[in-house]
Amino acid sequence: MKDVASEVDARGITIDRVGIRDLHLPVRIRARDGGYARVLGRVDAAVELPGIQRGTHMSRFVNTLSEWSKQPVSVIEIEHTLRAMLERFAAPAAEVVLQFKYFLAKQAPASGRVSELDYDCAFEGRISSEGFRFVLGASVPIMTLCPCSKEISERGAHSQRATLSVRVNARPGVILWLEELIPLLEQQGSCEIYPLLKRADEKVVTETAYDNPKFVEDVVRDTIVALRGIPGVIGCSAECESMESIHNHTAYAYAEHGEL
Amino acid sequence: MKDVASEVDARGITIDRVGIRDLHLPVRIRARDGGYARVLGRVDAAVELPGIQRGTHMSRFVNTLSEWSKQPVSVIEIEHTLRAMLERFAAPAAEVVLQFKYFLAKQAPASGRVSELDYDCAFEGRISSEGFRFVLGASVPIMTLCPCSKEISERGAHSQRATLSVRVNARPGVILWLEELIPLLEQQGSCEIYPLLKRADEKVVTETAYDNPKFVEDVVRDTIVALRGIPGVIGCSAECESMESIHNHTAYAYAEHGEL
Amino acid sequence: MKDVASEVDARGITIDRVGIRDLHLPVRIRARDGGYARVLGRVDAAVELPGIQRGTHMSRFVNTLSEWSKQPVSVIEIEHTLRAMLERFAAPAAEVVLQFKYFLAKQAPASGRVSELDYDCAFEGRISSEGFRFVLGASVPIMTLCPCSKEISERGAHSQRATLSVRVNARPGVILWLEELIPLLEQQGSCEIYPLLKRADEKVVTETAYDNPKFVEDVVRDTIVALRGIPGVIGCSAECESMESIHNHTAYAYAEHGEL
Amino acid sequence: MKDVASEVDARGITIDRVGIRDLHLPVRIRARDGGYARVLGRVDAAVELPGIQRGTHMSRFVNTLSEWSKQPVSVIEIEHTLRAMLERFAAPAAEVVLQFKYFLAKQAPASGRVSELDYDCAFEGRISSEGFRFVLGASVPIMTLCPCSKEISERGAHSQRATLSVRVNARPGVILWLEELIPLLEQQGSCEIYPLLKRADEKVVTETAYDNPKFVEDVVRDTIVALRGIPGVIGCSAECESMESIHNHTAYAYAEHGEL
């Protein structure tokens, strides 16, 4: 059976990335307590295709990624997968991004009631002649309360849900756990948010936010300060996007630090 | 050229709706001042297919809808289009939904500065042996401020952006204008929202919302009261969905009145 | 602490549905083999609110749903949850919709290679004075190949990915398993689709689709025939939406049978 | 009224981008024939915020962008807007992205029937101490037919809708028109797609695609070849993403050329 993807290509154009997107996979993520969490993974995977080769072999991506079903995934398995891809595809570079919702239990601030909140997280890996690079991503819902609105108003201040999204790059050998990163991020808004709040909790959340007004600029700067203080972190980015309650558009801020 | 869609079907199953979705069209909408607004239309159109006919003729939908480019669209043209569809498709029933963003100028409450806000609107028409029915839809962004949060907190009260969506059915011959419906809906939240707000405006918006706390239930009930008071309205529904600033999920309420 | 949601309401308007949407929860789904699958659940839950009561208690939804973490969910637990909601909310009616991606292993048609495909599924329950009703929903990706294109063309025929979505209502006591429903649905397109296909498999898939051309109307009718043949099924709906490869819009058909 | 956004910030962290997203605006786009097209614009705008300044002034974005209502927008107005932003915000850099659907009339290949197809387009501008840079973006729906499937199968070959997205950077003074760029891109797939096709047209489209099989890698390389051949183009990127009809995931390829 002729393999047209293996033909020699005369156009001489390197394809930076060729691969698959939005493959859904059940995946286990290594948890900090030594166990793991089962998540719904959405995976993008790609290789660099040299100018002389007509096509890649798409089925090999699914094949390679299906090995994740055998063990929990962390930075170690991401690197292993990428090294396997370099070999199977005879490619100069390979990338994989695994996106998933991760749950952590949260305790309501007054009642102590426990509920599980979901966070959009990502493992991003890339391997090339420059070596292996891993970036941990997390998006955390927070509440922002507008400092300007509070300052100028006689009563009240508008608040809204916002999303704080970070990407963090640590020195090889340093493992960052979502169980530590996420709570740190939740402290950067005007107040944390929770799935389950009784009335006594809602009072605490409302007053905490009112006492702690923050622009998206404030959230992003405080986040950069917090992230660069984590031992082993050599680069990070932070973006806060706020679904303004007084507008039909969003406000956002983005900053970077170090090497990403 | 053989037309397989025209074959007789032996399965004897009526198809309630067969047609196209997500066709994008530039459309002109009749405005209340006698002029019109150019909008980006997203159209769904379908007919009922009797059990004996194998397939419909998909190209006729695009053909029929392209006639909208000749004149501004209102309830009259929707009915005309549906009657043309009954004939061209030899169908017992036909439906069309035109969704579009509509802009209205808003004046900021203190500075008087003018900016244009967008609203998701819809013209929904259906024709069958029971006659022609038209429903006007509009989704309006508003601000809600939580009555519970205000009541129990010593300072502040959480607020958020919410969407108030209605569908309104009026007696034949009664024309409802988006220019009148939308401002009515904007009054049902804790406060209206605006694209452009100077600091003096933000003070008014913040304090107005604080003085006017509303649950999604309140918004929906006040909306039903307002809509059923419009002369000629014989049915309506209202839904308010609030992007809670203290949670990562939404809160919503839905109610109906009369005949839809 | 005053409870404003419990106030008496003077507007006298029944709220058909008030509740929460897009709550994410890790859930276990009962599997046919007696075990269960861990899934990412997205939940909507609501109650009917009588005209005299101002507001519902939103935290009780999260509270009630968190009990799903204690055991795998199937129609039995959905009914149990709804009965608990009637009591806790003192409500005349309650609804819950649980949406999730479910995975089933598929074997490629020639190579026999196994990979896991994802399907969007839903458990929908409602309870009221009319009793308990449960509807099982499933959306299955399939391939459609156009009969008209094949008939009129000298070579080839356009194909595309389509989604076949059904809702099925069975007599009380009859349990429908996704493990049985999904494979039945996959047979209704021109060909099944797979995550992992080697070249020998791709040949089979291509030729199978070419030998089995189907309009969206055909898919829907064949699906209704298949569903109404399942013992215990008293109602169903089927919709096929096809991402036409020759257009930038979709084609769809929808039909119903019996009581839904 | 105190302006807290103007406070001095002690954290010393530059915010790379702060601004607004998803502002909807009715915009006129300069057309090649000297006229203009009215479109629904979705705008993101941001400035760089020096480390010593606490916040930006969000209302100034809306204010600045509302000036687009006075005249049709092209690269000239984008540069003018960015220069105005530098001044009003006293910022070292500013960016704006305007996304919109643009329609072009297409003639069906056999019947000659005319219909309008929509394309997702973008004007991206940035100004800083390095000067002004403008990138034109366009996403064009095309059909791809798989070379491997055709080669190995005795009859048929799977096809699907794909999206070809490019970003193009031209030398200052060189104006690229969407009316020229889009038709060039439509030629890079296995066949163009159309809103309106009669049976005779569908035959041409089906056979053309079958005679012209292309991987996403082929589409991307042919696109780079075509774009770099346009006089004045100094850089470009091309991505093709294909909604594979035989899978539930997509296949994609991405390549760059020159300076972007």
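The chains carry the letters A, B, C and D, assigned in the order they are written, with residues numbered from 1 in each.
Methods note: a residue touches a chain if its C-beta (ideal position, glycine included) is under 8 Å from a C-beta of that chain, and two chains touch if they have at least 3 such contacts.
It should be emphasised that the depicted structure is a prediction, and the values quoted were computed from it without experimental measurement.
Novice: With centres defined by CA atoms only, which chain is the most remote from chain A?
Specialist: Centroid comparison gives B as the farthest chain from chain A.
Novice: Go through B-D and A-D and name the pair with more C-beta contacts between its chains.
Specialist: Looking at contacts between chains, A-D has the larger number.
Novice: Centroid of chain A to centroid of chain B, CA atoms only: how many Å?
Specialist: 35
Novice: So, what's the distance in Å between the C-alpha centres of chain D and chain B?
Specialist: Centres of chain B and chain D (C-alpha means) sit 29 Å apart.
Novice: Rounded to a whole Å, what is the gap between the Cα centroids of chain A and chain D?
Specialist: 26
Novice: Any chance you could list the residues of chain A touching two or more other chains?
Specialist: 1, 3, 23-24, 118, 148, 152, 195, 197, 199-200, 203, 248-249, in rising order.
Novice: For the complex, which residues does chain B have touching chain C?
Specialist: Touch residues, chain B against chain C: 1-5, 9, 11, 13-24, 46, 49, 54-56, 58, 147-148, 151-152, 215-218, 220-222, 224-225, 241, 248-257.
Novice: Note which residues of chain C are touching chain A in the complex, please.
Specialist: It is residues 1, 3, 23-26, 38-40, 59, 62-63, 66, 69, 101, 103, 113, 115-116, 118, 195-200, 203 of chain C that touch chain A.
Novice: Mind pulling up the chain B residues that touch chain A in the complex?
Specialist: The contact residues of chain B facing chain A are 117-118, 141, 143, 145-146, 148-149, 152-161, 191, 193-195, 197, 199-200, 202-203, 205-207, 209-211, 243-249.
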